[in-house]
Amino acid sequence: MPPRRGADRPTSTREKPQAGGQPSTDDPRIILDRQIGADLFEPIPPYPPRTEREGEFYTLADGEMFLNVGPHHPATHGVLRLVVKLSGEQIVDVDPVLGYLHRGVEKICENSDYYHVIDQVDPLEYISSLFQEWAAVLSFEKLMDVTVPRRAEYIRVLSGELLRIASHTLYMGFLALDLGGLTPILYGFIERDEIVEMLAALTGARMLFNYFRIGGVNGDLNHEFMSRLGDWMSRAARQTEASAGLLNENEIFVRRTRGVGILDRATALRFGVTGGNLRAAGVPFDVRRAHPYSVYPELDFNVPTRTEGDSLARYLIRVDEVRESIKIIDQCLHNMPDGPVMARLPRLLRPHPGRAWGACEGPRGMMGVYSISDGSDGPFRFRIHDPSFINMETVPTLLPGNLLADTMAIVASLDPVMGGIDK
Amino acid sequence: MSSVGGFVRGFPGQFWRRLSLQERLALIFAPLAIGAGVVTVLAIVLLGPPFLDFLRANLPLVRFAVAATAILLMTVPTAFVIIYLELKVIARMNLRVGPNRIGPWGSAMSVVHGLKVLSKEDFAPTGADTTVFTLAPVVTYMASVMTLLVIPFAPGLIGQDLNIGLLYFFAVGGLTVLGLLMAGWSSFNKYSLLGGLRSAAQIISYEIPLTLSVVGVILLAGTMSTNRIVLAQSGSLFDWFVFKQPLAALVFFIAATAEANRTPFDMTEADSEIVAGFATEYSGMRFGFFFFAEYVNVFIVSALAATLFFGGWTAPFNWPLAYNLNWFNPWSLGFFGWAAIVLTVLVIGSEFFAVIVKLLGGREWSAWDAMGLGFLIDLVLVVGVLGLAGFIAFDWVQGIFWFLVKTYAFVFTFVWMRATLPRVRVDQLMGFAWKWLLPASLLNLFVTATAVVLLNR
Amino acid sequence: MAVGDRGSRVRAAPARRLAPVPPGELATPIMVPNTLWQPADPLAYEGGRPADVTHLRGFGFTDAGRNDAARWGALQVVPTKADHILDLIRANSLWPLLSGLACCAIEMMSSATSKNDMDRWGMFPFRASPRQADVLIVAGTLTTKMAGPLIRLWEQMPEPKWCVALGDCTVSGGRYKRSYSVVQGIDRVMPVDVYIPGCPPRPEGLIYGMMQLGQLVKDRRGRWNERAIGPNAPDDI
Amino acid sequence: MDRTLETRLEARLADHLRGPVYQRHDETEIRIEAGSVPEVLRILHDAVDLRFEILADLAGVDTGEVMQVVYHLWSPLTSDWLRIIADGLSRDDPRVPSATFLWIGAEWLEREAYDMFGIVFEGNRDLRRIFMPPDYTSFPLRKDFLLPDDAARSPGAGVRHVERACAPAALADDPTAGVRRAPAS
């Protein structure tokens, strides 16, 4: 039998075992083994600790116990697994275990050509696929010195901001759901469905739009998209305000999130956190402004910033960003230029050998792609940087000291997407 | 010879083959019905008087047995109704449709869910303490059901009119936590354990404000018998205790919400934190018991709130109770008279409506369909008429009506809160109980006692 | 381990029906290491050998399977008509397990929300605990690391239970056919009743699949343990 | 393209640079020795005229001959992304000092690079596999970890191998045979 791993078995809290502990014989697991005459029991972890951190974590003090949250848990947003060390209901330490959704996308991209890569990066940020495509095509366009037509840029910004709103409405809903509220997630899904349906009219897919192309976008705006968008824009502001008010004015929600999981400015910078979580800590870092990449320099919008850095601030930042995105969409619709939506490119893309880094601002932070070309028709190295990965890395810092009930509140307020974290 | 034998053997077969389905049914069931009727009449005539004497001899015992059975039987449909209410109301509040396929407007959905849960595989996880694991749902369910014994549904309709009714209620209702704790401990699962401990802490700390908030009512009514508390509020709308004890009513409602483990105090089965709390490892029938007990609890706390603060079965306005119908004494006809009346009404009415349906519906309605529909229509009408007559004639029908109206208003409020509110944290929950509810109920008790003393002087 | 018997066939295969490959290269077939799950009672499966396959085809017809009161419960004593009625009931109240793996999970939730409401057929609420769920909707890519926990979830669900493979990745590996860490179709590690292709399928697709599952439940007439068993790959692979 | 950044970098990092500062589009690229990573990152982070305070990315690269560790930094003082390539790690035993003393966020990024490439970051206190299972032995993103082609044409007919059991026969004598080479830029 291959070594059984993981802390997902109950462990004795009666004594203080060594790292990779040897619990006492009244451990229920040993009794269980005797009952069924099998040798299922293995200490946790089943191997001597490989790092000092692991040894420190898997050593239980008196009155502490491990709780294995996930990989299947109603509130882990996918297949995240948090091994939580509890004393009572208070969290002592957390060890996130990733990789339950590691699909080897980078390897597949390095074995495909540039067109397939755009399709392969879609399922990473499966709530907001376009931004991962955007980072990829930014990097490829730098590799190939392609200039994108302005109309294509505007269409990219338009669809991207729509998807940002969809992602943020889902974020509010999931945060409320993890706090026990049933209704906001359904209201959020109403908005999200509206948006993905209109994007489906534009791109042909509901979730994994394979829409952006190197040097433009796949198709021009069509009538159904514009009519749906008009319908939605006529009530978007009112709807978002209403669904945000459902939570902002809820005393229980505010009490659950204020002052919880505070991520201060210095820590956020040392972690390299980007996106709303960083802006909630007081750093006005937004790639759209800090390092303009599309037609964003021409557009007028603010970068909302807060200083508290707690869950409530992170939530309110998202609400403000939805307002800003609506402003941006309005401007895009008003100064949408005419012209082609694709640059003239050869069928077979063989850029000169070189390296390029493209980054764009996704709903969760900076999406980056570092691609190396060796002159063939596919990237030699394709590196995907996902903001959720860094956001999730802050969890072992934010959680200890809080109660178990706050675990999911904090994780949800960081807005992780497991597909992006695990690649 | 063979022909005779063939005739003898063939006769019943041929005769049977000639009959239509209805005739066959009639041929089978008519003798059975006649025989059963004869046996029944004989049994009533011969064994009736001594049996009635026996029952009359020890009436309280019989009364208690009947009441207990009736209450136990009544909990299941109550739970079904409330589950359906929750499914549907929450769906509407979520801008959804909710169940609408099974039964009219999906009204059979909860029944189907319940039966499905009961028919699932039922096992205890390896390493669980099987005895405790099995007993826990029973304890919870029985604790909930037993509290119904002192709820007055209508004048005269109460399981047992104990003079310490409220004390009994809180004592027995407190047993619920025992079941939850047993479930959490015996499940061999840390989530279950956390849920059980949470429920213990929560329910025990909310018992105190709950009980204290009721003491004011007891002072005003001068009794602990729920029946007399209701009587003390009889009269008009403004005799209800909610107007004399607003603070107590508020505290009671909040504490009762926590007592029934309802949102925003549903820490014990907080989905997003501890997977399903104490019920994580439960499946099949045992889980069904928990499932029912939760909703029976909702009904019970709603009923108690209506009883203590909203006048129980008393009408919100002065209603001429027991309207005197001199021209018709229902008891003068006796059993057979009533049976004759009901049968004639049903048969004739069914035929009448069946004819109408047949005429309106035309060909696609077969005779049996028409008769079935006619029977349904007639039944609905008869029940409606009888109910109206009963509402006018008997005060207990009125009592049940008003009682259920008030109770389900509260049930709706609970469902509404569940659809609206997030969940509070454990420490916030405890802090609220000890820092706010307890002082409030104590203040209310003090003010009430002072007022009672001053007014009585 | 979970597909150990298939693995043995696989190792036998290439020499016979495939171009010869350098020894050792690309040789090790996928063994989804079922390291987390073990049957609670090893004797109940395959005559005491710790089970490699986690489905019930082999088990349902052994004596242990027939006489396993815990597994069959009351269903053994009720007649078939009653089973039919029970199946009507079950087909109309299918509680999915709230377990999303990847992208398709979002569409799974979307199919339960206001726009297209699964609750109309009683496919709600999503249960958080596998003990109370009827349907395991495997929504999203199943990686080799997640296979063990998923099999464990499946084993924790009480009979009768059904499995729905939602999305291309779960049906056949889909766009991750070439990946080094993805199970090529969950029917290599667990039984599947309904396959719903699409990347991801629309919510209507999931609802249609669930209605098909209800039809399946009715058709089986109480023989819910005779379910179609993966893998869908030919046996001689 | 920020010309002043080039002069600033050359002024600050003259003795660490290995090759000229390379600029293209909105990126500035410098190559350094693996050993000098801590000093360079420290200078870039602290120097008042550089202030590269956000670690945008940390990537491992296997060029077929050598390993690289690539850092991307962002500074409010320049309009360029700064790319630092720690070059010349041996494929047999790639080692590089950790950046966690400056950015604790680099911890998981280095774990990922270790998981995918086997690059050992000295000073990282939690250098385990992060994505693949703990008992996994291969390093998938190395160039000699070959993906099988489409299911129909692959040995095993669609049944995927999880790991490379051993080095392919072709690679036995030449460890980089059949491996795509990096561009010689």
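Worth a mention:
Letters A, B, C and D mark the chains in the order given here, with residues in each chain numbered from 1 onward.
Methods note: a residue touches a chain if its C-beta (ideal position, glycine included) is under 8 Å from a C-beta of that chain, and two chains touch if they have at least 3 such contacts.
The shown structure was predicted, so the numbers you read here are calculated from the model rather than taken from an experiment.
Chain centres computed from CA atoms place D at the largest separation from chain B. The interface with the greater count of contacting C-beta pairs, when A-D is set against C-D, is A-D. Centre to centre, using the average C-alpha position, chain A and chain D are separated by 23 Å. Once the centre of each chain is set as its mean CA position, chain B and chain D turn out to be 68 Å apart. The distance from the centre of chain C to the centre of chain D, with each centre set as the mean of the Cα atoms, comes to 40 Å.
Distance between chain centres (mean CA atoms), chain A to chain B: 47 Å.
In chain C, the residues that touch at least two other chains are 33, 40-41, 113-114, 128, 145, 178-182. Counting partner chains per residue, chain B shows two or more touched chains at residues 94-96, 126, 271, 275. Annotation for chain D: residues touching 2 or more other chains are 131-133, 140, 145, 147. Here the touching chains pair up as A-B, A-C, A-D, B-C, C-D.
Contact residues on chain A toward chain D in their complex (touch as defined above): 2-3, 5, 45, 47, 50-54, 98-99, 102, 104, 106-108, 110-111, 142, 269-274, 285, 290-291, 353-357, 359, 366, 368, 370, 372-376, 380-381, 383, 385, 389-390, 393, 422-423. Residues 1, 33, 35-36, 38, 40-42, 50, 98-103, 105-107, 109-110, 113-115, 126, 128, 130, 140-141, 143, 145-146, 149-150, 153, 175-176, 178-182, 199-200, 202 of chain C are the ones touching chain A in the complex. Across the complex, chain D meets chain C through its residues 131-133, 140, 145-151, 154-170.
Per the touch definition, chain B reaches chain A in the complex via residues 90, 93-96, 126-127, 188, 190-191, 194, 263-264, 266-267, 270-275, 418-428. Across the complex, chain D is touched by residues 6-7, 10, 13-14, 17-19, 21-31, 33, 144-145, 173, 177-182, 184, 233, 237 of chain C.
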